[in-house]
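In order of appearance the chains are A, B and C, and numbering begins at 1 in each one.
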């Protein structure tokens, strides 16, 4: 299928790659990643152009990678620099595609389009991963058997939370859904959309209760910020009624979806908290709530939806019933469709 | 593939559905079934038209069903009656397809075509399931990895029995197949076909021997009645030689095939007996003979045939060698083909 | 896909078939094999033309085979000779395709093309399997999830050995790959290609060390002979430097690939040795080295390459980078392509 190529996709967390090559498929392209001896991360096509062997199974020789099948060696730019056989002639075509791979604030970002279009300004920050004096945090990963856009839909419409996550990330239906309790704000940008939820007088959700000392309700906020194509930054908070957000419990949550194939995706997530930051048990507990919600509640539901869509991946082709609360998800799909179309139609 | 839509298909036994929604796929359509508070069975499209979530995972609220993803509620006619979000606007298109579901004599029948064409006269009776003073009975279910028509072929040509079921439902080859011992009768109706087998001087099959006190042979009958598209009513009996059938052991067996997909089917079966009807051990034993025959003998054989057909589901396209004994199965296929063709060509 | 039909393919080892019918799929055709009472091997279509049941599950009645579904009987030429039902009429079309199956030197060879084109001269010998006074030997079998041509590529380019098999069949890279140590000879025939490797002053490989009493290096030879379409005869040897090959350790290895489907193959292999032929432990050990190399090193690598080829089975369509050392594999592919094309274009 068509993906937005000129964009940054999360390729993993800093701790995911080292001096052992690993491979992941992004946008249907198999990619090998490793670090040079000086620590710089490298992303190359995983497919040796000679016999199509997986380079991720090869050995690093300094900054170079050796094909495990016939021993061709490529440098960190993807150029073949050794043919160990016969007269050692290296054909010009023995060149791997090299992908820009940027490491920032504990996160790896890969650029899947033309290198000349790179724009590092577009990289989304994950400051709470490195502000160790203000936040504790954990990172995680799930492989999901779902088209990435269905997960974006899920995240941009948090009205599903009281139905799907009553015991983890959301409160009971009656507490958050009573008429007039919830306000939703929608903000459209050029390449991004915000969908912000505010619920007044809401008791702490099971996850937030970990940090909420009393049983009184408060001002609940879930500020969701989508950046095309599939980078979602969420900030959940609970504050004493009427107080400024900064005085409350803040739980930032990153949801970075990277398409693997049309029907499977990489789901990189990170969770932080600004209270009790030295209490590693609390960090573990809120992370488990999130993992339960993502892996046991969201993933099976979205996978079931995809299955009932019967192989049709374009949601609009199925003429879904649209509700008012779908505005953010629908606008994000339309914006992304336009961006992909513009990219496909750009003369090379 | 094309199925006969204006027809009743078995949707299960009465005990299969209650106040917990369940889903099954019939004719490639995912359907949710449950009972209203007054016990009336309900069949609706399982796919919420909003985001295509499976309603079978939702909760019943009285007679209504709540979508597990975003909480839309549908009444038992499939009409959306609640949108719990925002201003609660319900789009007109928020309507589930409702399928007529009739309960009769312990059996559930679903109509997959236009409701205006319903004809309850066509429902096949299963009286022995409710005539508790005359019959003991059990019901069962198998999911088979086979196109439903291949199973109909199997059932309409019982000459396979001595080869495939010598230790369960049939006698030894030499006992039933000797020249002149077997008579086969073929009767064609407008929407049905009968294929009746009579073998004289035949020892009791392993299954019938459960009720047959002596070792003498008798008059064996297997009266098979196919109703389009895939409802088969069998009556097996053994009677002292020359005596009327009613005086003998009678074992009625229902074989109701409902297509799930082109290559998988629901196999609902029921078995009764008119002797020793209070002996539950005998009921269990003859049921086990049947299950062994269906699950361990028929299913693997028909599945192997389908596999050797190499993905071609239209038997005639493979130009099979036709034997005299194929008459009932071949006529049933031709009749069903005509009915489907007529239906497809009917102007809407 | 198109295969070379007028050719001998290995169908197994003599010990593989007996009086129990077995089935294998060759070139996408399901075939049943068994022995007549006099021991002659038989190969017939496995698919009964009546209802497409698998004959391999049927019983032998003398030299005939009985269909397990409805009892039709076929003789060893594939002609239906009994219909046990009704008047017993046998339709002319009740005929199985019969495949020439030749047994020679412990090996079974099947001809997949027109019987009139048979040429037994083309059968490749496996004399070491029967010369029990000169060789000890074992035979084996692997089902591989790979197109057969990718395995032929693998075998015709043994430069992969030091990279993929350093602990089994090959020596360390530095020992065999040093500049000027290895000579490769290429010989093209009308239907065959030889690709012969000679390495001077090479220490014994782990496999050859089983028979090599001293630690001195020797003259290593690996003479690979491919016969279209996928029959590969290898002779590995190690000889004291400068001495004639016949005085050294000789290990003949057969690699007979028979396509099952486009993406799976039968891999029949046999290994012999001319030293210590009464030492069955040594026979076992060198066989285990081979099995490790084929099953744990070659197969996963070639399967990974096929996967990275993304469903494209024609290697050339992916425009691979060609090295000098690919000459034998590339020529073999071109020769086979021409042979298949000539066959497809021959008027029937």
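Operating definition for what follows: contacts are C-beta pairs under 8 Å (C-beta built on N, C-alpha and C of every residue); 3 or more make two chains touch, one makes a residue touch a chain.
These numbers were taken from a predicted model, which means no experiment stands behind them.
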Tell me the angle, as a multiple of 5 degrees, of the rotation that maps chain A onto chain B over the C-alpha atoms.
120
When chain B meets its copy chain C, do both sides use mostly the same residue numbers (more than half shared) or mostly different ones?
different
Please compute the C-alpha centroid of chain B, do the same for chain C, then give the distance between them in whole Å.
47
Scan chain C for residues touching two or more other chains and write them down.
none
Taking the touch rule as given, give the residues of chain C at its contact with chain A in the complex, in rising order.
153, 157, 159-160, 162-164, 173, 177, 184, 301, 304-305, 308-309, 318-326
Chain A partner contacts - residues on chain B that touch it in the complex
30, 46-47, 49-54, 57, 66-71, 83-87, 89, 91, 93-94
